[in-house]
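Questions regarding the structure given below will be posed in turn.
Read from first to last, the chains carry the letters A, B, C and D; within each, the first residue is number 1.
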Amino acid sequence: MRVPVLIINFKNYREGYGDRGLDICRYASRVSVEYGLDIYVAPPTLMLMRFIEHCGADIYVQHADPVTYGAYTGSIPVEALKDMGVKGVIINHSEKQLEVRQIIELVDKARQYGLVSVVCADTPVLGKIIALAGPTAIALEPPELIGSGIAVSRARPEIIVEGVKSIKSISRDIVVLAGAGISSRDDVEKALRLGSEGVLVASAIMKARDPGKVIEDFAQAMVNYSK
Amino acid sequence: MRVPVLIINFKNYREGYGDRGLDICRYASRVSVEYGLDIYVAPPTLMLMRFIEHCGADIYVQHADPVTYGAYTGSIPVEALKDMGVKGVIINHSEKQLEVRQIIELVDKARQYGLVSVVCADTPVLGKIIALAGPTAIALEPPELIGSGIAVSRARPEIIVEGVKSIKSISRDIVVLAGAGISSRDDVEKALRLGSEGVLVASAIMKARDPGKVIEDFAQAMVNYSK
Amino acid sequence: MRVPVLIINFKNYREGYGDRGLDICRYASRVSVEYGLDIYVAPPTLMLMRFIEHCGADIYVQHADPVTYGAYTGSIPVEALKDMGVKGVIINHSEKQLEVRQIIELVDKARQYGLVSVVCADTPVLGKIIALAGPTAIALEPPELIGSGIAVSRARPEIIVEGVKSIKSISRDIVVLAGAGISSRDDVEKALRLGSEGVLVASAIMKARDPGKVIEDFAQAMVNYSK
Amino acid sequence: MRVPVLIINFKNYREGYGDRGLDICRYASRVSVEYGLDIYVAPPTLMLMRFIEHCGADIYVQHADPVTYGAYTGSIPVEALKDMGVKGVIINHSEKQLEVRQIIELVDKARQYGLVSVVCADTPVLGKIIALAGPTAIALEPPELIGSGIAVSRARPEIIVEGVKSIKSISRDIVVLAGAGISSRDDVEKALRLGSEGVLVASAIMKARDPGKVIEDFAQAMVNYSK
């Protein structure tokens, strides 16, 4: 994972299902190329195939099950995701929480099949614990700020500072992202200044009047900061 | 749900992902028309869109979450399934077990969006409990026989007999299906004779050398029995 | 279980641990004899032995595990409770919720060892489901009213009415109790009038300035109503 | 915690409930004094009070809930255990598994009330994760060997070696114990040689014809090794 990085979580917002969703994805793809920045898109699971076929961006899945092909009714197998062309998996989002044992199992399975793993953690302590599992990235997301419009980088800067410190004390290779409430260029810049290496955003883009503008704004903030 | 009924659960067998999966689905669709029999197909969740677009059969999903569109990262929303054209949802398969409270919630949500609900139960007692939630159908599946090739209708006929009695004592409208190990025409016929009104099958068709032949065999057994 | 019945849940209130707890228990025992009324006392699990040795009342436990003696680290075995002289077990209190499958297992185990089972249900639907497991009694307790001082019999009378109807439709033998917020003689009387056959109370007695007076009040309300 | 240490888990073996249980406890107390060795006894939760009153040994509980006094029906509050004189708590035994988040919460609560915390871990990875929570001790117990009579120190020595290394890399202060299948003096000695600082045993003592003899044997092995 090349930093800084922008991950767009479509959740299951209705906006992500139709043409508007594809537009956002294509815009992300274009900005990614234009700014030389890694941008990943995590559309609704039911729409994965369409996004892979019709949008140039790298596609992540919002959740997966640590299984292969086989007798697993109702699962989303990591192995099948790999074969479909999915590049990464978001794990333990606060809207899809897992037990720590399950997180470890899923990180391992993602590694086995060559998928990037981005694990969400709601506290620095959990971040440190998850770091031991060796995921590609950890996103620090205090759940009370998710969808709030109040950025973690403003309201709880210490979570990013402590989280980065905790996680990097276990492994310097793990990318640390900031999530929850990131809404503006300034929020993005502040998150990077506090030590994070990217952001995980959802409603700020999905619910924006002009999502393309927001993606471009965030990309500029990242590129400017990295100079 | 018109009885007798045949439901084909693709699980996440690799066979269900490629062209072979679509072939099975199309065959099911053709046999359904030819024999005037309701046949439903539950492909891998990641492939739902393709099956809806390219196969005439009625499509079920193998599991869903009792949510609408919105901030539900990693979920499979019932509302989105409805809009995609999915007709029904399999609930509480032994490979995707839910708590009873969750089963009730999901049956309610399926009803709200007009989806058929087929709930699996591993014992007659659980079948009776689930009947109180008022699903469209209940499939009796002793987990130890799933994928065994040993049909529930042969090895544990009393589960079907008791299950039918228990469930119908709560509501005569609920369709009772037999699952687990159904492998041959005779198994199907026996299941119907014991009082069930259809079968839920997976490996017998998915792993068959000639899946179309098996579908046709099962359909004949059903039509013959119904005469 | 002879109705009407009064069950006093000590929870883990500090008041239940010391001499005050034993006083409440002894008072319950005395009122029980005086009024010819069944009163059961559920002290803190850690204090069970003391209450059995030093108080004449019939003792219930607030939770148990459906196991026998054996290699069950950290469990509270039903078999050991039976041997200690415990008479009944409260199951699925909203502060100790169990899955429905666990409730069934525990009701069965209690029956096997001759213990009375009192299962809490937060909705009439759950009450009906639990009725299928055949417990001795079901206590209807909407969790939002527990400890509120607002009696279920006043604030949500329909829960008692519907609950009694639902549960008795499955089995007339199951005793239906009202819980949550019962604080006064009037609350008790109203609960009986709505069709319940007793009450499950905690803070109204445990936190009272004069717990003995409250027990006597409640007993009088019950005896008057039964005349 | 002074090392080496011997912890005797009574589980819920019937032998622990009656006079034989008290005899084992008294013997442990006597050997502890005689050999200048720390021996802790974890009797059945329902019997805690009796052991505290009638046996000189330091008493541990086999499981607890991370709560104070209050409205916690069916819980075993850490605060009440402290007041009763309990000295420590065993956490996450494979027969009473907790989620990692719950382990952390319980370790914190034990620390707050001055109780020793001994957390069981079935793998070195889990041991390392738990180490981040800062418990007093971690007991490495591969569940498949528990009660087997096959000592972890013989069958899976690498678990002890790796576990000690993993845990000490997080904190040198955490005591590392070996559990599962320890049956003889040699097993104890081997466990210490591999780097552990004590053992957690159950059936080897509880099911022994002469439990006192086994306690003395184990104590001698420990004292000899420490010389």
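Worth pointing out:
Here is the rule we go by: contacts are C-beta pairs under 8 Å (C-beta built on N, C-alpha and C of every residue); 3 or more make two chains touch, one makes a residue touch a chain.
Please read these numbers as outputs of a predicted model, since none were measured by experiment.
Distance from the centre of chain B peaks at D, each centre being the average of the chain's Cα atoms.
Chain centres here are Cα averages; for chain C and chain D they lie 35 Å apart. Centres computed as Cα averages put chain A at a distance of 48 Å from chain C.
Remark: chain A and chain D have CA centroids separated by 41 Å (rounded to whole angstrom).
Across the assembly, chain D contributes no residue in contact with two or more other chains. The complete set of chain-chain contacts reads A-B, A-D, B-C, C-D.
Chain D contributes residues 9, 11-14, 17, 44-50, 61-63, 67, 69-77, 80-81, 83-84, 90, 93-96, 146-147, 202-203 to its touches with chain C in the complex.
Partner chain B is touched in their complex by these residues of chain C: 99-101, 104, 125-126, 128-129, 132-133.
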